[in-house]
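What follows is subunit A paired twice: with subunit B in the first complex and subunit C in the second.
Then we have the complex of A and B:
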């Protein structure tokens, strides 16, 4: 529907190339030749967003508030009897509708107050869409959710019509505020409109402004007031009686003097031709339908509605005019064809919001037969998945989509797993939120992958503590090993430990990986050495090798660390310990056979020298006993 | 819960803060600031809830927040504090720290001071995660592990503690005028004394056991050694920084990350916490009956100087109810403040009897009758 600039005719061989995205299409200009390589055209890539609504700030409120209602709806217990659940469903339906209305009002205000002509048009367009949506929803609530039986059905339909034809009140206000209301040009229009809407009290009050008030009229009105307060059969009898009386009034010309009152009398009898004469006041064929039912068949049963609906629509609309999508949707509703309503709405609207929420509500009311689609999931789930997938493309509303996926039992989890990994993680705060979502749903693979991404990033920026914190969260031993390697490398190059606050306070996290344990213990060795607790230090050092906690690559460093201890005046290593040291050295050299550097030979010699120092041996011998 | 209503604002709210009120008039707060996050264009906004008894705004709820003005903000607003009546400081996910001035007469906002890339990595941006101020000094912390001290009127940086932490520092608070307390993602509280020139903390405290990241910290308004923290596991910890290395009491609060913890500024027997699990809890502890009420600190704190809080005798009589261990024995009452479960409650602020909070459901809740 949009004309993309600069991608014009194909006379010069210019074509359009495109690629599908998750929520939009990327379009570019290209030169396509019948033979040979194709070239490129302008260097622009256009992004065509198919769903503009989620980016509108006012409509965002609709998405957020309805999400809240949706989540509340899912928690209604299934095992309660339907009698107690129906009022809850009706109230939820009213909640949804009030949210739609609130958005409409706000859009209306913006449309009126903004100076930007284009924005105003856009807002008004959105208002009209929301109006139609609310109209359809309201009708569905009356017919399907509330499922009013004959009698109250008509009352609900009357309410429905009145709600969507508010201009009567405005006109009435105008008329009443004028100097002589009865002379106002709209006076009779207002009275007739009230009658058409079944608001006979107000019609009567308006008529009182007229000096000539027929006393017989009062009786007519009184009977109509009692509509709906008796049983159907009682009412039927009374209504017929009343209908005959009105007819009699007309026949004996009691209103012949006043053309207007005669018209009203005919209206009350439900005269089709007179009704059709007032097309502008009625406005729509469904208003015509309800008025006609009011005055001809007030006890209409739900199942009979569609006969009247079809005929009214045909009568009202000229043969020339084509029914609009809205009309066919409403007709389908009167025919109680829920699936047709949903299907038509899906086609007519550009956003899945309406059909998804309505279908979900109807499903909870157990009104949808399981309608298996080709993809295996049912209609409700299909629509919710489509809606939520659309939300996920939004930079901010993706969080709402998670709850929708949660309530799609068949495919929701799979969709969520695929989508959640695509959420960009700019800050730790956001990553934590995404992680929490994954953890709550036991998506361990996603947890691991997110933690790994964050840990790698931290490592790249030399934030070793952060990296460790992420690997602890993911219980990722391999990464913890990687981090420890980094620390140890740092130590080897610089001779000191960095980030002592971390290593000194590892706590139980130390057990996450062997390398990490080694790091912690090695640091402990250094601390003991600094505190001059040499015996304990020596014991720890040795155990690091004998218990195989230290990686083989580090043994050389450890053995080098042992040298100052051996050089001490007092004996620190016992005989056994010294033999163990030599044994370790031996193991090390044999494993490094081919790559043995020259340094270990002197090392061996040094250790043996020390240990073969007679004084030491003597002392050792003493110690051994 | 009639006194609490939700206002949908089309942006995920990361921070809400009341504008400070002058104590002498004991007025109820009427203006708060909010910051958004995760938007293509983030904003800071000022809202008014009107004063009690003013005429109802149109047909909406009396007291529904009305937007006064807003301003585009580069990056997520990760923290927000009022510097004084007119200025706020924000911490951004781009690593920048900005001071905004709210011009009440014209209802506009201008940038008074901006330190871009205050927090950074060598080749990348590092989000600034926390800010605390005591006019004119501003202290910020970030994911880069730096602590930076600014003055609101100076363009340059006053002091930087490089590599203060090897992990992300999530929050900072003042302990005394020259001491701050930071919490990090390996579960440590670090005390920093600015009078010392060294770049290492004067004290490190942590939980024994798992190193759970800590996200928020708040100091008791009157007793400076009492500090409450909340972290990733949703546990509320109350610490006594003078004694020992471990928290005094641990309470299970939430089922997910606790984002903010606040003592009520004038009534510290009340504590408020909010969390990723969508709940906002109000904790109320009953104090020892033996303690004379004027020593409890709370009702008339504005009229008492700090020195009056420490009697010459020992500190025994000032054992706060928070530390007395009665917390776990049922003398602690907790109540949910939000009517139903929402998406994560990211931030809350409480002043006098008013509470404001913001959620990821793009809603702001204001409660004007908090029972304190």
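Then we have the complex of A and C:
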């Protein structure tokens, strides 16, 4: 009974079909449940990929080197007291960051030197992403890993800001190299920038260019000198004292003559409005935050940070602009909300690299409380699995992924099993590489499967030796039997063996299957014959039949092989052996139908003749004694 | 997301199925033009058609690869009421140089009285077994006892599902704790006939497949069905394409030692999405079951992901531009990928990154603004 499917007549509703592939999806246009009456052909299949990061040759270094750091981190001894572990973790964090920086620099160079406009844009884009990543990572290092207490916290934050605002140095260079620095249009910008970054020494140096011109500047110079390089323990007291003095200078108009110096004085006092006047030099709200803390609350405690952070962000960004993802991430960091940081980073970034490695590090620092879920016993594992799975689609980076899976205790193994068996086995070398990985981890089913695939492939291409060797490795007795049969068939048709090396060196693998054992022994027989060790050859030949190692179908061939031995001048087969040969022949003839054994009778007769040969009997008689 | 390349499929009619082989280096396409094409991916990523031949006397609905352990084997099913098994023959060397290969038919399965709507190989640990389902409501399971002789297939099981079948999916789990199991979907549109998804399980004692479960909450026509890869879990996850996308969790309940019947399951609805706002035609899992893709009447392909807390959300949308299929000289229809994990467009990228100590710096400018949030659809790389 035919059931005619409905024919959809409207072509407006076009459907999409798809198929999952390794690292991509194939998508094509179709119409489901149409009988094809539309007659439209020539549709396209589109290969859609998620991201290209893993294909970037420069980012590859990032993946390779961070893999190295990751593996090192996993092997840090857990039993050391946390006091000695912290510096290790900080050092590892710095290693990660230096890898990011190296990558950035290389990308920047390529962007600058390439003539390809599109590639340049792409590289610069990558650079900006990495810059953001490094910025966030650095802050996380300061706040979470190093966990600086009040006092050194500010110093670290200052370092952080300085690292990410290095354009000041270049400007300063320009200014200093000019004929008269103090007249340079950027001169005051540089001085102010130094002040904003708390680089008072350098600000002083710059001001020295002015000092000869303006007496007021000398006072400023003096003030900065006082602040200088105090240790933070004494800082609070000294700072307040200093702060009062600066205030006094301002009140008594010491700097009234020079507008710039007055501004600087107000900055040193942490005047919000004046600070905000310099938005352009500050550049970012977090620079504003750190500067404000420097001049208003230098002994800020970690727990107080988020109050200042929030208010600074609000003050700095005008009412129209919406906080960008980066801003929310940094804010979450100032609030010490690690989970929020990770979550927001996962959302904002395409590649899991950053969140996976950072989370792993934070987990080692014991900063993550574990949330239980079936998808990996904690957040760290979830992210590592995501990252590593992404690597697996790459033709060489997949090997890095293996180590990541190894360190995911709950689902790492099963993820690895699922993905490693999909690695295309393009060459024997690659197959062996994959196998080694599976064997090291006792993934016996994957080992068997890969060997079987290779064996099958070899067999289809008539490479029997390769097929046999893979079957042996797969411990696949059935397949080994099948291939041995083919070898034997080949021998029957061509009279020679192929792949002698392999068969001659089977060793204990011979025992995998009966047919394989026979193949090996039969070849041994041939070798003995070639070496003219006829007696041993004869003995072996006979045993192949009597011990039932040889399949019945091959006995005819074996008996035929016996003939030249019987025809030798010297007696090779003893009387007993000859009788056994006849017995085998008899067995063979009785199990075969008459048509197939036309040649039997002559053979039987020949053997009888030989045994009746007086000479032989004589010899046998002698042998018997 | 972006389109890496577009392949001109060159079928003379609609393509109904595209299937990647196990390693993702070959693919097969089938069409209403009654042919199947096999494509090979070269080292530089280009696809070349290495075989194209007529396979049936009606539209070919589905094509599928056997596991490479069994060699290079394909199965196809068609409106012409048959399913067929094909094997690639290693050709002459000059064929290989020209990049061609030959496929020959090993067997035709003619038991069905109606259009064969789906064909799937069972998981490899069960041997070389092929399953078909037809519009006549029958699921047939065939086995090739000798994998070196693909012309011999025997019909091992014939299961009548009473409703017209549209799709089957095997549970890929090879765990000893899970007997062989498959799910069948029915596209019968009469809602009074009850559940449109049936789960069958193999019974060691009776040596037969018995019905273990019917998903009664699925009452509309089912167009596609897919078990997720198992990942060593004790429960099973099944995705269904019906008037919406549904994901079910099947938790085996503990069996009494005396029980000889099929496993009882506790069925939980994990997720239900009606974003396609129309019939959903296909669902399929990626290898690690972390992503589910679906396509629907709205002409979109949607990606679904469970986050760290096991909440499912749409994580990407692929949309065709809706222009009609063009003729033989046609341009590929544009793909606008409206997925918003990090934005790939360059416009926002470059506002003033102070490039630090890295050689020449970008112009001094306002703050870092590279990580702009996705513009249109909030479907991020879901955490």
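The rule is short, and it goes like this: the second predicted complex is superposed on the first by the 457 of 625 C-alpha atoms of A that agree within 3 Å, B and C clash if a C-alpha of one lies under 4 Å from a C-alpha of the other, contacts with A are read in each partner's own complex, and residues count from 1 in each chain.
Just so it is clear, a residue touches a chain if its C-beta (ideal position, glycine included) is under 8 Å from a C-beta of that chain, and two chains touch if they have at least 3 such contacts.
Bear in mind the structure is a predicted one, so any value in this text is a computation, not a measurement.
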Contacts of A:296 with subunit B and subunit C, given as first, second, both or neither: neither
Which of subunit B and subunit C A:414 touches, first, second, both or neither: second
Which superposed partner A:276 touches (first subunit B, second subunit C, both, neither): neither
First (subunit B), second (subunit C), both or neither touched by A:182: neither
Partner chain in contact with A:128 - subunit B first, subunit C second, else both or neither: second
Of subunit C and subunit B, partner touching more subunit A residues: C
First, second, both or neither for A:461, with subunit B first and subunit C second: both
Contacts of A:422 with subunit B and subunit C, given as first, second, both or neither: second
Footprint overlap on subunit A, comparing subunit B with subunit C: 461-462
For the subunit C and subunit A complex, residues of the former touching the latter: 1-20, 22-25, 27, 29, 31-33, 59, 68-72, 79, 88, 90, 113-115, 124, 135-136, 148, 164, 174, 223, 229, 231-233, 281-282, 284-288, 290, 293, 295-297, 299-301, 306, 308-310, 318, 320, 322, 324-330, 332-333, 335, 337, 341-342, 344, 346, 349-350, 352-362, 364, 366-373, 380-383
Subunit B to subunit A touching residues, read off their complex: 8-12, 14, 37-40, 76, 78, 93, 121-122, 124, 126-127, 129, 143-145, 163, 165-168, 184-186, 188, 190, 200-201, 204, 206, 208-211, 213, 232, 256-257, 276, 340-344, 360-363
Contact set on subunit A toward subunit B in their complex: 57-58, 60-61, 64-65, 67-68, 71-72, 395-396, 399-400, 426-430, 432-433, 436, 440, 461-466, 468-469, 472, 498-499, 501-502, 505-509
Complex contact set, residues of subunit A against subunit C: 1-3, 5, 11-36, 38-52, 104-105, 108-109, 112, 121-122, 124-125, 127-129, 131-132, 135, 163-167, 169-170, 283-285, 324-326, 342-343, 346-350, 352, 355, 371, 373-375, 379, 382-383, 385-386, 389, 411, 414-415, 418-419, 422-425, 445, 449, 452-453, 456-457, 460-462, 482
